[in-house]
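Think of it as A, B, C and D in the order they're written, each chain with its own count starting at 1.
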Amino acid sequence: MSLSVAVAGASGYAGGELLRLLAGHPDFTVTTVTAFSNAGQSLASAQPHLRSLGHLTLAETTAQSLAGHDVVFLALPHGKSGELTEHLPAAALVVDCGADHRLRSASDWAAFYPGQYFEAWDYGVPELIVGGAKQREALVGSRRIAAPGCNASTVALALAPGIAAGVIEERDLVAVLAVGPSGAGKALKLENLASEILGSANPYAVGGTHRHIPEILQGLRGAGAQSPTISFTPVIVPMSRGILATSTARIVPGTSATAIRDAWESAYADEPFVHLLPAGSFPRTADVLGANTALIGLAIDEAAGRVVTVTAVDNLVKGTAGAAIQSANIALGLRETAGLPVDGVAP
Amino acid sequence: MSLSVAVAGASGYAGGELLRLLAGHPDFTVTTVTAFSNAGQSLASAQPHLRSLGHLTLAETTAQSLAGHDVVFLALPHGKSGELTEHLPAAALVVDCGADHRLRSASDWAAFYPGQYFEAWDYGVPELIVGGAKQREALVGSRRIAAPGCNASTVALALAPGIAAGVIEERDLVAVLAVGPSGAGKALKLENLASEILGSANPYAVGGTHRHIPEILQGLRGAGAQSPTISFTPVIVPMSRGILATSTARIVPGTSATAIRDAWESAYADEPFVHLLPAGSFPRTADVLGANTALIGLAIDEAAGRVVTVTAVDNLVKGTAGAAIQSANIALGLRETAGLPVDGVAP
Amino acid sequence: MSLSVAVAGASGYAGGELLRLLAGHPDFTVTTVTAFSNAGQSLASAQPHLRSLGHLTLAETTAQSLAGHDVVFLALPHGKSGELTEHLPAAALVVDCGADHRLRSASDWAAFYPGQYFEAWDYGVPELIVGGAKQREALVGSRRIAAPGCNASTVALALAPGIAAGVIEERDLVAVLAVGPSGAGKALKLENLASEILGSANPYAVGGTHRHIPEILQGLRGAGAQSPTISFTPVIVPMSRGILATSTARIVPGTSATAIRDAWESAYADEPFVHLLPAGSFPRTADVLGANTALIGLAIDEAAGRVVTVTAVDNLVKGTAGAAIQSANIALGLRETAGLPVDGVAP
Amino acid sequence: MSLSVAVAGASGYAGGELLRLLAGHPDFTVTTVTAFSNAGQSLASAQPHLRSLGHLTLAETTAQSLAGHDVVFLALPHGKSGELTEHLPAAALVVDCGADHRLRSASDWAAFYPGQYFEAWDYGVPELIVGGAKQREALVGSRRIAAPGCNASTVALALAPGIAAGVIEERDLVAVLAVGPSGAGKALKLENLASEILGSANPYAVGGTHRHIPEILQGLRGAGAQSPTISFTPVIVPMSRGILATSTARIVPGTSATAIRDAWESAYADEPFVHLLPAGSFPRTADVLGANTALIGLAIDEAAGRVVTVTAVDNLVKGTAGAAIQSANIALGLRETAGLPVDGVAP
C-alpha cells in the first residue's frame, strides 16, 4: 500500500527535508509538490540535492492543488497554513510544520506572533510526557497534527522528565542553544548571509522574546508544571544544521542523584528516537545530523545545585520534518520508525 | 624607548598571538622566542602568518634563555611556568598566560588541577571590579602578573558589575559559552580534529568540572560576592576563535530596570576595551575578532526573573594575549592601549 | 537472505561510513567490527552517531576475527590490508578501501608509496569506461575488489568520457580539488586540527606528489589514453566532507560543442549514481552529502580552448564506502543500488 | 600632517575594511562616511566591529558629501562610481574599489559588464610587472586610481613573473580559486545565505564567464604576453574571507628549474607585501587574514610540464582595501606600508 502525499512549501529547507525523508519512506509516494514564488519551477532546480525527485514540478500552493491526497504536509510561513487548512478535506491527514496550530492559548499567540490565532492541533512530539502518559497516544488516528518548533521540542524533551518526576524545580529554568542557520529558512536577510555567520557566534532574540518560549512552557505544563519560567537564549553558530541545547534546572532540595537520573531513564528507556546517554557522555550535533534522533546527556552539578542537560537534535529532522513524519506514521497506524534514520551522518 | 621582550611557548597559539600583537607595539621589541619540542625551528615555519618576525629562531625554553629581558611573557602548559618562574629575575616583568599563578586558594587549585600549587600573582584583568575599585590599580608597578583564563575573565567581566551593585543574586548564576577550539591549543587529540568540529556543536566539561569555575568565582568574590555559585557549560563551535558567553543571574527582587542597566554602564563607561552595547543590541564574536575588546549586551527578562548578559571576546586576545599586554602596559607605566587593536576583523 | 559482514577498521571515518550504509542495507548484516588500537571498546564510544549498531564491540583486527563472513570490508591504513588479505578465505568477498590493491604497476606503487607492492584487484568504480565497456562488467562475480581513492575516482569519472570519445586531449589535464579533511582520517597531526582548518583554505601535496595521481592516470589509460599527464592540486577547505573537483582538458581542435557534450551524456545517461547536469548547471558538494551520487557539470570555454568539468562527490560515500558497497552489490548479484542513498543531505 | 578622508559605500564589506585599516593609519583621518540605502544610520549599527569609528554617521553618497576631502575612497556597486567620479574635484585623490575604471578596452568591458564604459585609471597593484618595471611607478603622484579585482590581482601577481621572464607559456593558463563569500558583498541572494555555503564548496561563473578574466589578461599583457588565454574557475568555500588561487602554466620547453624559480624570486625579492615562500612551502589563507600580504608558493611539476603557483590573499585587504590604501600611500608620497598589517590573524 502506498499513500499519496502532497508537500506544500516544497522549495524551502523544511519542505526539502520532508521530501528527502519521504523519498525513502516505504509507505508514502510524493505526487504533488507546491510552492508560492517558485511555482512552475522544476524541483530539480529548487532542490538540486533531491536527485530521486527531480522529475517533479512545483505547482502553486492552493487548497485545490493539495486536495485529493491521503496526506498533506505543510511547510509554510507562519499565518499561511492557518488560512489554507480550513479548506483541506477533513479525511486527509494534514501535518503542519508551521506555528499556526501549535499554541493552545490565544493570548500566548497574541503575545508572540502577529496575525490571527488558529486553534491548536495535536502536538507532534510523540515522546513528550503528557499527564503521566506520552503524547504518542493523542496522535493515534489524528487527522490534524502540528509539528513542533525545533527549539521548543528540544528543550521540552530535555526537561519534561525531570518536571514530571518532581526532581527539578519548574521555576527559573535556563536554556542556551547553539543552533544552525537553516532554522531561519531561505529568508533573504542580512543576518542570514554566510559572511555574517562564518567564523562567528551570533545571538538573537535575547531576553525572553523568542517565539518558542510559550511553546516550551506549554510542553512543560503538559508534563505537570504549574507555572514554569525559563530564560531562553539561542545563538547562531556556523553549522548549517543542528541544535545543541544546554537546558538546566534547579534540583528540588533533597533529591538523590539516582532519583534524578531515573527520571530521564524511565521516560526514554523504550523510545526509538530519544536516547539518554550514559553518565559522563554528552552528545554532539554531528551525531544526529540527518537523523530523527534526539540524544540527551545529563549531569548533576551539586555545587551549582542544578541538573544540566545537553541535547542534540537536527533541527530539520527531529526538530521539524522527522517529527512530522513520525507523527504521521503514528496517526496512520504505520510503523512509527518507517522512513526515519536513527544514525547520524558524521563526521 | 624600546623594552626587550622574550616570549616563551612561542610556537603555540597563545604565543603566536602575543607575537602578533607585540610586533605592532610601539614600546616593545621581541628579541627572544622559545619553545620546547619546536626549539631550533625557525619562527617562520612554526608561525607562518607572522611575516614580520620570520627572522627569529626558536630557542629552548629555559630560565637562561629568558633571562636578560625587560619583559617575559610565558605561554606554557599548566605546571610549566610555575617551575620556571622562580628562576626568573625579580626585576623583570613576568606575565604568565598559564593557570599556575591565578588562584589564590590552594584548595581550589587542588580541586581542579593536578600537580603543585604556586602562589597567586596580580590578576591581569584591569577592568574587573575589586573592592569598589578596579583591578587596574593593583597592576601598576607589578612585576608578576597572571593573565586570565579566557572563559573565566569573560564571565567575570559580564557579571561583576551586577554583583558589585547588588542588583543580581550571587547564587545560581548560569553561564553557557560558545567557544572556538583555539583555546585548546595545538594539543593533538581526537576531539580537536577538524573533522570532529566542522559542522557540529560539541559540549565538554559539562556539570561543573571546568577548570575556569574557581577562577570565575574568585573574580566574583572580588566584586563583593560572599559565596557565589555558577552552572558553567562550554560548547565548542566551528569557528577558530571567539567566545560568546551567555551569562545570566537572578534579579534581586525589587530592583528597577534602570538600576540594573546603570550597574553595567557605570562600571564600564570609561573603559577603552570593555563596552556595554545600547539596550537591544547584542554582540557577535566576529565583532571582536583580533581585537582586545569585550562587548557586552544586556537584557532584562522580567518573565524569567533574570538578567541576561551576552559577552563577545576573542579568546586569544582579550581572553589571553591582549589581556597580558594590556596588563604589562599598566605595570610598566606605558599607555594602557598601546599595541592593542580595538576594532575587530569582520566579516 | 542476509549476508554476514565484517568491517575492519571500524573505528575510523571510512569504517564508520561503511557501517552507516550497511546498517540500512537490506541484504547485509554486520556481525563483526574490528579495530587496532580501539579493540575492546564499544562501537558506541568510537562511533557515537551509529545508534543502531551501538550494541557491537570492536574486536582485534586479525585474519581470525574476519574469517567466517560472507563479505569483509577493509578500511585500514596503507600496507595493512595487503598483509592481511592473503590470509582471508578465497570464497569470501573482500573489498579493500585502502590503496594496497589499486595500482596495476609496481613501479607506480614504488614511486608514490612506501613498503611492499601487492597485486591489483578489480577496481571498484563501476561507471568507469574501460575499453569501450564499463568497469561494472569486471566486477560481476568478483571476490577481490579495490575500492577507489576518493580524489582519483572523482577526477577519472570526470574526464574519462572525453578521453574515450576522443574529444579532449590526454596531455596537459589540470585538476584542482576543494576537499574536506575527513579524507585524512583520524590521524593526529597538526595540519588536521580544527584551528588550522577553520576559516582557511590549505593546499597540500602540490606539484605532482599526491598518491592519487598514478591511480587517475591508470583510470584514464583504461578509457583509452596512451600517456596522459595531469597537474593535480588538492586544497583542504573547512567542510568535513566533500570533494569539488574542477578538472579541465584541452579540446581536440575541430571538435563541436555538441560532440563534447554528447561524450558525457552518452557515458552516464543510464547510470543510477553518476549524473551529468544540464548545460549551465554546476553541482555543490552539499548536493551529494551522505549520498552515493557524483554530479558533473560541464562547460566549454572556447576562449581558453578547454572543457571544464566540475564534479561533486562525498569523499566518504561515492569516494570510498559507497563505491565499496555498490561494487559488492554487483559482485554478489544484488541490486546495484541496494542500501545506497541517491539524495544528498542539504542544506 | 593628517589628510582628510571620505569613504563612500561605508556600510558594505569593502567599505568596512577600508575603514578598519584607515582607523589605524598614521596619516589619514576619516571625516566622512557615506552610503546609499543606509544613509542616516550610525556607522556603529552598520559596522558594529568598528568600535573606534562608532561616532560617525552615514551621510548620503553624493558628489557634494564627498567634496572637500584630500582623499576619497569609493566602494560602490559597478556603474555607480563611474557616474560619480566625473563630479569629484581633480585635485583630490580618488581611489575606486569598483570595476568601473579598471579595463583599458571598451570592448572587454562590453563583453563582461552591463552599462556604460568609463575610462581606465591607474591600476592599483604596485607590484605588478609592467613593461619591465613595476606598476608602482605609474602610481606616484596619481590622482585617479582603480583598485583591482581581488581574484584578478591574485592571479596576475601569481603568473606575471613567469610571463615577464619568458619561462612559462602565455597560452593555456589554468586558474582555480577557493574564495570566501565576502567578495560578493552584502547582496541578499539565495546563493549567499549561510545555509547554502556552510559545509559545501560551490562553483560559480564556470566556463570563462567571470568578470575578472579580462582584467587578468590585461595584467598579463602588461607583463609582456601577446595574446594570453586562461581557464578560470572560482569556487566559494565556507570561510568568510580569503582567496587561495592555484594558477598553473605550461613550462616553456627547455627552461631550467632554477630559471623558473629565479623569475619569481627576482620579481618579488624586495616587495614588502608580496612574498615568495621557500621551495616546498605553500601558503594557507589563514596566514594572510586581515593582512595586506600575498604569499606565493611555487612548484615545478615536470611530469605534468607545468609550473604550479599557489597564492593566498585576503580578498578584502590585499585584494581590495589594502591595495587601495597602499596605492594611495604611493600616490601621495607617504610611506608605502603605512597603516597596512603584514602579519595575518591566525588561527
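As a working rule, a residue touches a chain if its C-beta (ideal position, glycine included) is under 8 Å from a C-beta of that chain, and two chains touch if they have at least 3 such contacts.
Predicted, not measured: the structure shown is a model, and the values here were computed from it.
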item	value
Of all other chains, the one whose Cα centre sits farthest from chain A	D
Of A-B and B-C, pair with higher C-beta contact tally	A-B
Rounded Å distance, chain A centre to chain B centre (Cα mean)	38
Approximate Å spacing (C-alpha centroids) for the pair chain B, chain C	45
Junction residues of chain A - those touching two or more other chains	13, 182, 195-196, 198-199, 238-241, 283-284, 286, 289, 346-347
Residue ranges of chain A touching chain D (in the complex, touch as defined)	13, 180-182, 184, 186, 188-190, 192-199, 238-240
Complex contacts: residues of chain B adjacent to chain D	13, 16, 20, 23-24, 47-53, 182, 198-199, 240-241, 275, 281, 283-284, 286-291, 293, 295, 341-347
Residues of chain B defined as touching chain A within the complex	172, 174, 176, 178, 195-196, 198-204, 206-208, 229-233, 235, 237-242, 244, 246, 248, 250, 282-286, 289, 297, 299-306, 308, 310, 312, 346-347
